[in-house]
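Following are the structures in question.
Both complexes below contain chain A, partnered by chain B and then by chain C.
And now, the complex of A and B:
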């Protein structure tokens, strides 16, 4: 039976989450192409350079916060329902949706207010040019911070729905192992609860009162630290759903079975333990944080490579199993017998391939010494366009080709466009990201509308700066085209008539090595959460204590612009 | 938005430079804690933010004699040089911080024209006194605070009124029709030199134009009417030099300060070849009531407007296309069930060509790919470090 018929209520919830996610994707992609053409100097007629930051904020918030969170909420709702075989508690799940939507509208209105000339609303200029990282002392309209807080709180409530479903399932199935999808989702949410505390405190305790004028100053270093306490785990909040897709759906799309269920569980437990106590690696050049604290964060970050490398192995081995079952032979030739013409499969594989490159630049970022080479250069956006911009985004788009027919009961339309779309995205990202990385090595800064300076010219060693700019512009155009292709396929599928025979099915073959081969302790959430908290106290206790010791809002800064 | 902010700062600077600085608003008025209670000439804080140097008179009239600083309370931007200038009246004065502070002009001075200056870099309130006359109320304060704006949208934006009084300047200019062309908000504005008018090619076009502070005005020669030049009337900034006749010659000047700038073409002045540039928007409020409100900023980017209009235009077409497509994909009638819905079914799961169990599967291909990945990232690392980084001039080298 198709998911939409079996679980009509949760299907409707998933559809609603996806619609918001896709609208955010469309607007964010539009802002993206405007920026790509602007900063490369190809076309600057859309906005003035002074408004570049408004669009940059919109691009970052709509894609990295709204698109991701709503898509993940939808995917998780499907995953819990599918693997526990029960509808989600509807009232909780829907209140989470409406809370997140309210937050999204508030934040989006605050950002778009800047595009329209920042009218004064409630005594504050309606604008939010503070970028996705919303560092103090840059100040946005209070609506932006309230919106961000509501999105976070909404995601907490969404997580509660998964826990309630799990508790109900446990009561009916005592002693059974938690199904893999639910295990992954609940582990991800535990990590999310622990890590979002940082940003919640930053926004609710400091930034909202400060933007309202209730407190005159905040300590920028403390609020930055609280942001990055959340800022790195949020990366794993994006990636772990992609991993969920790669572990549980991709092997079947390849025609094989998951290589190892226990390995998948170990990977997710490692993410729960290690995702959070690493945030200082985003602050290697921040003054006021002793080297030792940064060093702890670096070693944790290097440990954090392990689960991703384990994932690379397990997922590739599972896909290889599929290829062998399809009759593939040889050391590399088996790759040819994979279903590259399936949009869902091709998209996930290309996303994984890009992520391997993103893993490389991530290792460079994590190293305390070589981080100085590339800190705040265009290398960094080059890196995260491979991780969140491809590993997550392309996986999300690809799996939509497989999932949306099941939650709507409608056949995928424009299949040929869907087949081409992951390749368009891949080529576009390959051009844009490699040029961004190399431009970063040449010292070209990020977050800059016009990266040109008097009496100074950047020089690329291999290739020229003009060539890099051209690659970024062409890559950006292809990525925008890829987003439009995806949205067109989705829109037409949504508008199509319900019924008939879908081109996808939801059978999941059992893993080659099942959960019975793994120790039960892996399912002990209390233990892992406790260890995670201890690691956080070790990494964050002394630095936060020293930042608070000189006064909670001291040394402080009033809002900028004044 | 930042652009408006920049323009705003420009106007604020210009306004302040004209001496139009007002007093700060009530909300912004610093709390001096009774410091000025016995100062007779204190009447609020004068807002001089945005100026590079600010002058304060020492020995001004006040406190029953020449025993005052004028203005006694002034607000300046960080980095401003404040210059105290002695009037020479009231005997010997000095300027010394109250308590622990940076100001100390030293010995008493009574000569007229003596100066003492100090540049305030950090924010804060700096109270000071004239030591011999502090008992009479000869006290002052400098408040250093960034910004300079909320006080006065009105004051800062103030430029010449909507219909400036040119004082008969255009009486003999044939192509002036009583209108001052509004070109505010543009980065650069062009004026033709040698346009048709005044019985020949002896006119500026437009003769009168209003621009925003910071605008570059470009004078472009048409090549007609012989040699022309552009020179300010009286004491003014414009001077293009000797008359030039070539078409395409340009002369440009960027107007930073508000005001009316009259100019002429010297050889053809008697024919009426005159013009004027008005810098700064008219003060807000139609009656010029002083309390100017900031213009409601509705200048969204043009592409947004154009895009919205195009989108609105094409929406019905898109909708029609979608409905047409939907109609063409209507499922066959015989599939529709009694309740009007069509049953949905999944594709059948394909059986694998070869069934491979746990024992038979060795992921050798994965091992090969992993090895390949490690070789690749090693090469990337070599490329990044030895070629891209060490290849360029490093700081150590």
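And now, the complex of A and C:
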């Protein structure tokens, strides 16, 4: 039975979450191509260099916060419903959706005010050119901070719907193992609750009152530290849903079964434990933080490689199993037996491959002392366009080719465009990202409208600066094309009429090694949450205590316009 | 719980890689002596930096000679320049001599990176970033603000001129 007919209410919710996500993706991608052409100097006619930062803020917020959070909310709603075989509690899930949407509109209006001359609204200039990280003391319109807070609070309430569904399921199925998808989703949400406390305190306790003039100053190092308490786990909030897809859907698309249910559970528990006490690795070169705390964050970060390395094994093993079921043979020849012409499969695989490259550049970022060479250079966006920009985004697009037909009941339209799209994205990202990494090694900074200076010129270590610019611009164009192709396929599918049998469904084969092989203690959420909190107290207790001890808002800065 | 043999080998290799990374970084810190930017620069009132009333050398930033083998460079980063460093006011330091950069902000967050070196620090209002280095090669190095600091961020650069010790102009030294 098609998912939309079995669970019509949750299907409607998933569709709504996806529509917001896809609109954000389209606008964010448009800003992205304008930036790629602007900063490489290929074409600067769209915006002035001062307004470049408005688009950069929009690109970061719409893609990294709005597209991700709404898509994940939709995917999780499907995942919980599918694996617990029950509709989500509708009132809770829908209030979460409307809260997140209100927050998105507030933040988007505040940002876009910047390109319309920043008119005064409620006594504050309507602009938010503060980028995705909104470091104080740079000030945005209060609506921006309120919007960000509503998105976060909305995501908390969305999580409550999954918990309520799980509790209801448990009451009816006492003693049974939590189904894998729900296990992964609830573990991700627990990680999310713990980590978003940082940004919630930053925004609600400090930035909202400060932007309204209720408090005169904030401590920029403290608010920045609270941001990064949240800023690293958020990347796992993007990644864990991609892992959910790679573990639970991809093996089936390959024609096989998940290799190991126990290992999948261990990986997610490790993420719950280690995702948060690592934020100082974004602050390796911050003054005001003793070296010892940075070292603790570094070791935690390195151990955080473990779940991803284990995932690489399990996913490849599951896919290989699938290939052999399809008649694949040999050490590497089985790769030829995989369904590379299936857009959902090809997209997930290419996303995983790029994630491996992103993982390696991430190991450099995590290397405390080698980080000096690349901190805040173009290397860093080169890295995260492989992770959130491909591992997450391409997986999300790929799995939409498989999931959207099931939540609409309509066949995928423009199949040939869908088949080509992941490859277009892959080539575009390969061009853009390799050049960004190399530009970073030459010292070229990120987050700038014009990376050229009166006083000196950059010299490439590998390749020339002109060649890197060309690759970034061509790569950016291909990525924009890839986004447009995806959105066109989605729009046509959405507007098509129902008819005929779907070739996809949400029935899953059992893993090769099932939950009966995984220790029950893995499902003990209270234990893992408690350990996660202890690790956070060790990593964050002393540094936060010393930042607060000298006065909560000292040394303090008043709001400063951009 | 059943763990496949290949999985065990993979797990062992992964742990080895992780421990290896931590070991090399520890060596970089202890053996090669690459210190991290830390809290040694102390704190400062950012509003006093803005008004030039800190009562420290940041009120009149520039190069200060500690002794023949150690110079300290005080730099104020502000929207959208380094003082000294930007435009026709480059930072001048001697080669093969210890140079400590002390950098703070008069307004928002900035970055301070010298191209072709591993000198790279955040500049955070309220904190003094302290980085000590030695330039082996003479020449002009680029200075970059690498953290977005406002609408004119892309104009915020500068240069560092490293001259031979024998030619280092003592009049650059403010006291």
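Simple rule for what comes next: the second predicted complex is superposed on the first by the 560 of 562 C-alpha atoms of A that agree within 3 Å, B and C clash if a C-alpha of one lies under 4 Å from a C-alpha of the other, contacts with A are read in each partner's own complex, and residues count from 1 in each chain.
Simple rule for what comes next: a contact is a pair of C-beta atoms (placed from the backbone, for glycine too) under 8 Å apart; a residue touches a chain by one contact, two chains touch by 3 or more.
Predicted model only: the values in this text are computed from it and were never measured.
Undergrad: Examine A:446 and indicate which partner it touches, taking first as chain B and second as chain C; both and neither are also allowed.
TA: In the superposition, A:446 touches chain C alone.
Undergrad: Who does A:313 touch here: chain B (first), chain C (second), both, or neither?
TA: A:313: touches chain B and chain C.
Undergrad: Tell me which partner A:341 touches in the superposition: chain B (first), chain C (second), both or neither.
TA: A:341 sits against neither chain B nor chain C.
Undergrad: If you stack the two complexes on chain A, which partner ends up touching A:373: first (chain B), second (chain C), both, or neither?
TA: In the superposed model, A:373 contacts both chain B and chain C.
Undergrad: Should A:499 be classified as contacting the first partner (chain B), the second (chain C), both, or neither?
TA: After superposition on chain A, A:499 lies in contact with chain B alone.
Undergrad: After the superposition on A, what does A:519 contact: first (chain B), second (chain C), both or neither?
TA: The second partner, chain C, only.
Undergrad: For A:4, decide between first (touching chain B), second (touching chain C), both and neither.
TA: The answer is first: A:4 touches chain B but not chain C.
Undergrad: Who does A:53 touch here: chain B (first), chain C (second), both, or neither?
TA: In the superposition, A:53 touches chain B and chain C alike.
Undergrad: Would you sort A:324 into first (chain B), second (chain C), both or neither based on which partner it touches?
TA: first
Undergrad: Counting contacts the way the document defines them, which residues of chain A are shared by the two interfaces, the one with chain B and the one with chain C?
TA: 50, 53, 129, 259, 313, 317, 363, 370, 373, 442, 513, 561-562
Undergrad: Which residues, counting only chain A, touch chain B once they are in their complex?
TA: 2, 4-5, 45-48, 50-51, 53-54, 114-119, 127, 129, 255-256, 259, 312-313, 316-317, 320-321, 323-328, 330-332, 334-335, 356, 359-360, 363-364, 370, 373, 406, 409, 413, 438, 441-442, 459, 461-462, 491-492, 495-507, 512-513, 561-562
Undergrad: What residues of chain B sit close enough to touch chain A in their complex?
TA: Listed in rising order, the residues are 1-6, 146-147, 296-301, 303-304, 322, 325-326, 329-331, 335-336, 341-350, 352-358, 361, 363-366, 368-370, 373, 377, 380-381, 383-385, 387-389, 391-392.
Undergrad: Could you list, by residue number, the parts of chain C that touch chain A in their complex?
TA: Its residues touching chain A are 1-4, 6-7, 10-11, 14-15, 17-18, 21-22, 24-25, 28-29, 32, 34-39, 41, 43-47, 79, 86-87, 90, 107-109, 111, 113, 115-116, 118-130, 140-155, 157-159.
Undergrad: Please name which positions on chain A make contact with chain C in the complex.
TA: Touch residues, chain A against chain C: 49-50, 53, 56, 129, 131, 135, 137-138, 219-221, 224, 259-260, 262-263, 283-291, 294-295, 298-299, 302-303, 305-306, 309-310, 313, 317, 363, 366-370, 372-373, 375-377, 442-443, 445-451, 453-458, 513, 517-519, 550, 554-558, 560-562.
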